[in-house]
């Protein structure tokens, strides 16, 4: 077991209200989710002009759409006339423009208002005053990010070097083979915290513990925008599948040494990124209420492997579906316990330093100190 | 297209809270629905003594009942003893008295307490002190209205001459042939507003636009208790059915000129009245929550036509069911968009003056200025 | 009919907020349910070491468990580490210790923390500082009580002599033969009040009225911790079953005179206790929300009778299931009526003195006057 710097004495979990109070949850959304960069999806979902998907975060609905120039734009999914929701499907293809189904106000894929029937008779009305409300976008190795703040911090500052760190995995080239969506009765922070320690692994995840020892982990110190660490694969284990083997090659160009680890990075506030030798697993977290979170889980592989005869992602999917189920149940039990009258903050161990890091980052943002990293 | 007086410059839709805030909704119910006359149903539903129906408005439950004298009474549906709800069915027939199912307190159809078992031993108890809490009633051409205010404005003042205007249609004689009940995820004002303009008709209602051109409309200026206008039937169109024809005669006594129009009147705050040459369509709106409204839609015809062999209301029912479905979807999308973080008030066109009129009337009532017309 | 002391003039039911306001409900839980002794179940449910059941009251979740010494302990169902709920089943058998499923913190059946993995490296951590949060317990003739207060009143003071009064029934020996669970859309006080008068019996419960005249009742004056009375069985009626007869013997040792009555005692705030000549019926009430209550209803018999060939509790079960159904409907109609805009407090009769007693006790507790009996 590797040495850890000790936590300050008396470090405890947060009081219940941070996990149960709807009013606090609203402040948290404002200070965290509506201020930070959120991972929305993958560029392959907006690859052609007009291809779009919609994401909901709190009471925001955002359309992310591919542009004619091969880029990505994002907008609030609301018509500037009488507020009608524009895209009612979760994903689809637009015909080169965004038209409101109510009175046919029509916008370009860049958000400019092109046509507003009957408004020409309104004194002083100018189409240039009514573009769709823009949402900032950024792309990192195939991951599409959005930011609902009026003045987002530079995306590079948010990544804080993770782009260089994970360059060898070539994530931009990977394609999605599977998606699962879960809805949990748990605060989003409990899911982050469950992800950020493996002390529970020998008790809860025997199949994971068999392939990767829970004390093989090595965490980075908590960072302002991410928490992360890695664990080693045991000798003879190729990757995380039910039996620890795979017929897939490792990702092209990945150094041999990196093929012996699995990386677990939580990019605040909504991306969990698992990098295996041969595939990438992503979780995006969408808080629905103080005690309810939607999780989109996706398995991504290299296209060359996907083109092989007999390619089958099921070994990786089944491994993580089993592990997810175990984690989701515990996160929900944590929510129920913390919501109970008998709950009182408890002590963190030295191997739960990332959890304390998350607590501190969120509380500092919400309480207005150091709201920028 | 007819000329319209321009709206004042800068007229915009209301901020989101008017459509989303439960606290505002409560104030609105107090200032609007609990102060104004509400259309509750039709006299044919309380035609015999003791025949009753129950209507719910906010947290009020009101019994409307036919009296022995052929009139109508209305009461809060609550026993004066321990508060038990009296009538649990939505409609039915009472045996000449209203008896509480708990301890048999018994009231006349006029609301007087007739019998209260075991209360004779209570010092100072007098049955005359415990009548059912009365709700004011009025009848206009077969429409039954109720008013939950302590001091309702005179009903004639509420009608503001509509009784004279619509006298030629002989609504009192009409009988219901069909009823449909809808529950929408939308604030009641959005349904009113959808009803009060036809700019969306060519986009949303091709079958309506085919029979009646959307710019043929002619609105009255907004009135303190109603908003209304009419549209012309196109040449060759007899009435609003799927194919624009009917084998029904026009309503008896309706002047030929009036047989070329359809009237759309919204009597605040809960009656939408569509008068066609050969039938009457009514919508009553029952707000359930700030974002939820129940709509009762009824088709009424002349008894002579209903007695014809082969009478079938389906052509009118199907036409409006199709149109309703289109409108309900848009009203729900408007609710979703306005509830979204990206919503901001947008500009009205000159043909949306009734919507601005509604906004103004409601806001003035709620904010306590001009709370009486 | 027996004489009753008159109620003070002008005594009325409580204003609606006492039955409808979630904020008041929270204060009531604090002042009543979290301060008084609650009947949780029966000793036969925790008869062996590690046998447990869970009860929820407001946001509290309590585990009641049998100890190695044959006693009973109760704890908040929450791990002291990160707040995870410990027992997720409603009842079951623990293996001599309570282990959290997340990180394996392990507690004895006495609540002491025995083992906390990885915490040995945390400076200053001592297992003795983190026992499960204890809940007080007491046992009366087989009934298990819990108390969530920091400083419970002595249980004997709560019983206020009922143990002596009901000693002849030998409740400790009785065993459960049947359980039914109901969930009502009604405030818990309405269920208490329905229980505390039989004026409604001739109207609502013809089968009960046939066996026991509603005016045969004789109430004790309201007590600080209980409300109770009894009614006589009519001549020829043996007990409360559908036909008034039974093939069961009376409870052993019950004096002949007591075999002619049924006792109805409401021990505040959650036990309704019906004692019949040959069986005990218990109701425990679990408020879920201001307008929602869970009721656990159980039929208990003497083991000697249960061992008889042909023993069948159905005659008693069916009688009370029918009666319960009638009462639950009325309690729900009372909730609906009192929640209605038209509700106003109404006058109590002289035979509803226990209801007024309940009102007074609860209001005095919540409003901080006389919060201890």
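A, B and C are the chain letters, set down in written order, and residue numbers restart from 1 in every chain.
The definition used in the following text is that contacts are C-beta pairs under 8 Å (C-beta built on N, C-alpha and C of every residue); 3 or more make two chains touch, one makes a residue touch a chain.
Every value quoted in this text rests on a predicted model; they were computed, and no experiment measured them.
Enquirer: For chain A versus chain C, which are copies of one sequence, does the interface use mostly the same residue numbers on each side, meaning over half shared, or is it different?
Expert: Counting which numbers both chains contribute, under half are shared, so the two copies meet through different residues.
Enquirer: Mind checking the rotation angle between the two copies, chain A and chain B? C-alpha superposition, nearest 5 degrees is fine.
Expert: That rotation is 120 degrees, given to the nearest 5.
Enquirer: From the C-alpha centre of chain A to that of chain C, how far is it in Å?
Expert: It comes to 47 Å between the two C-alpha centres.
Enquirer: Which residues does chain A have that touch at least 2 chains other than itself?
Expert: none
Enquirer: What does chain B use to touch chain C in their complex?
Expert: 34, 58-62, 75-86, 88, 101-104, 117-119, 121-125, 130, 133, 148
Enquirer: Could you list, by residue number, the parts of chain C that touch chain B in their complex?
Expert: 6-7, 9-10, 13, 16, 193, 199-200, 203-204, 330, 333-334, 336-351
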